[in-house]
Amino acid sequence: MPYVNIKVTREGVTSEQKAELIEGVTDLLERVLNKNPATTMVVIDEVETDNWGIGGEQVTHRRKRGE
Amino acid sequence: MPYVNIKVTREGVTSEQKAELIEGVTDLLERVLNKNPATTMVVIDEVETDNWGIGGEQVTHRRKRGE
Amino acid sequence: MPYVNIKVTREGVTSEQKAELIEGVTDLLERVLNKNPATTMVVIDEVETDNWGIGGEQVTHRRKRGE
Amino acid sequence: MPYVNIKVTREGVTSEQKAELIEGVTDLLERVLNKNPATTMVVIDEVETDNWGIGGEQVTHRRKRGE
Amino acid sequence: MPYVNIKVTREGVTSEQKAELIEGVTDLLERVLNKNPATTMVVIDEVETDNWGIGGEQVTHRRKRGE
Amino acid sequence: MPYVNIKVTREGVTSEQKAELIEGVTDLLERVLNKNPATTMVVIDEVETDNWGIGGEQVTHRRKRGE
């Protein structure tokens, strides 16, 4: 019954990678907390780099500096 | 003053259906908790089926199997 | 498969009222979007009035003024 | 280490305004709680006016009335 | 830079289990998306069973039936 | 009408500091986006250091090392 929300920047995450994240998190919750995978929900949010800030600045700016 | 976030898969929800959800949730909170509808906020997120997992797999796959 | 998060101030919401909110929202999603109630998830967060702001001030202050 | 999520309606917020929000919130958390700006995260969500409800109706409708 | 929020029912999750979840999710994001673990944030919310609904009823009720 | 959620570790944030955060964020949204403060909502979540991870470990552990 867990609910997991994963937020990452929108920078070309493939459908296969999303599938791996969903499977990986679901397995983790079964392994650590014995949660039934059938009702584990995972929602992935892809966020534009302009809309994500860290260190007081947009990720867009950090990417331009090669970070 | 309540805040409600509804997440559903992005599968053709119409503007009219969104209006019904907003009205329905706002009414529910007034009826059950006597909350003033004027300051009840509702935000609906539509999530791509590739980005939503249940049972360890993407909803996209479930839809292909007719689920 | 919808996920709904309801945030209200922590001001004596009873277990029965929570049950009504959960049932009401689940019914609404079935009625409006034909969502299977079996996999609709609802999470209610009760937030201290000191931690909730509207109009630039804490709800605690508004309550003291009788609002 | 704080995490801040700002939700606003999608109505032409510019990249510069997003940068101001990110910088402003990060500064605020440093000033008030002495939080290290290097690890403060800010995520801005822009929500369609059809998907945002207040007072039981969509923001889209309020905008049509000039509100 | 990812942000992950894990919601589970408050039913005796130990500090060690929380550490495993945090480490496991951080590793998963490094492995699948090459995300730098240093800035991956994980927040675990433990939710009272009265405040979590699935299938239109509180988890508290399901637990009483042995589910 | 914006909604802002601020998550910080539960480490003695005072009611006055919460009031400053609420006022500061509300002002910021008025200044940058001309949002009406009357309907700006702010919710502050205080998270146990055991439940917050960064760099793959619990904040509790970092605090013990003086970080």
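Note that the chains take the letters A, B, C, D, E and F in the order they are written out, and that residue 1 is the start of every chain.
Here is the rule we use: a contact is a pair of C-beta atoms (placed from the backbone, for glycine too) under 8 Å apart; a residue touches a chain by one contact, two chains touch by 3 or more.
Which chain is which protein? Per UniProt: A, B, C, D, E, F = Tautomerase.
Worth saying up front: this structure is predicted, and the values here are computed from it rather than measured.
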Fill in: Intersection of the contact lists for chain D (Tautomerase) and chain F (Tautomerase)
B, E
Discussion item. I need the common contact partners of chain C (Tautomerase) and chain E (Tautomerase), sorted by label.
Written reply: A, F
Worksheet entry | Maximum centroid distance from chain B (Tautomerase), chain identifier (CA atoms) | F
Response to the item:
Dup interface of D-F (contact pairs over half shared, numbering-based), picked from C-F, B-C or C-E, is B-C
Worksheet entry | Residue-number overlap at the chain C (Tautomerase)/chain F (Tautomerase) interface, same or different (half cut) | different
Worksheet item: If you average the Cα atoms per chain, which one ends up farthest from chain A (Tautomerase)?
Response: C
Worksheet item: Measuring from the mean C-alpha position of chain A (Tautomerase) to the mean C-alpha position of chain D (Tautomerase), what distance in angstrom results?
Response: 20
Worksheet entry | For chain D (Tautomerase), residues that touch 2 or more chains besides their own | 1, 3, 7, 21, 25, 39, 41, 43, 52, 54
Item to complete: Take each protein chain as a node, join two nodes whenever their chains touch, and name the resulting shape: line, ring, star, complete or other.
Response: other
Discussion item. If we use the touch criterion from the header, which chain pairs count as touching?
Written reply: A-B, A-C, A-D, A-E, B-C, B-D, B-F, C-E, C-F, D-E, D-F, E-F
Worksheet entry | chain A (Tautomerase) to chain C (Tautomerase) touching residues, read off their complex | 1, 3, 39, 41, 43
Practice prompt. Quick one: which bits of chain F (Tautomerase) touch chain E (Tautomerase) in the complex? Just the residue numbers, please.
Written response: 7, 47, 50-58, 60-61
Response to the item:
Per the touch rule above, chain F (Tautomerase) residues touching chain D (Tautomerase) in the complex are 1-9, 13, 17, 20-21, 24-25, 28-29, 31-33, 35, 39, 52, 54, 59
Worksheet entry | Touching residues (chain side chain F (Tautomerase), partner chain C (Tautomerase)) in the complex | 15, 18-19, 21-23, 25-27, 37-46
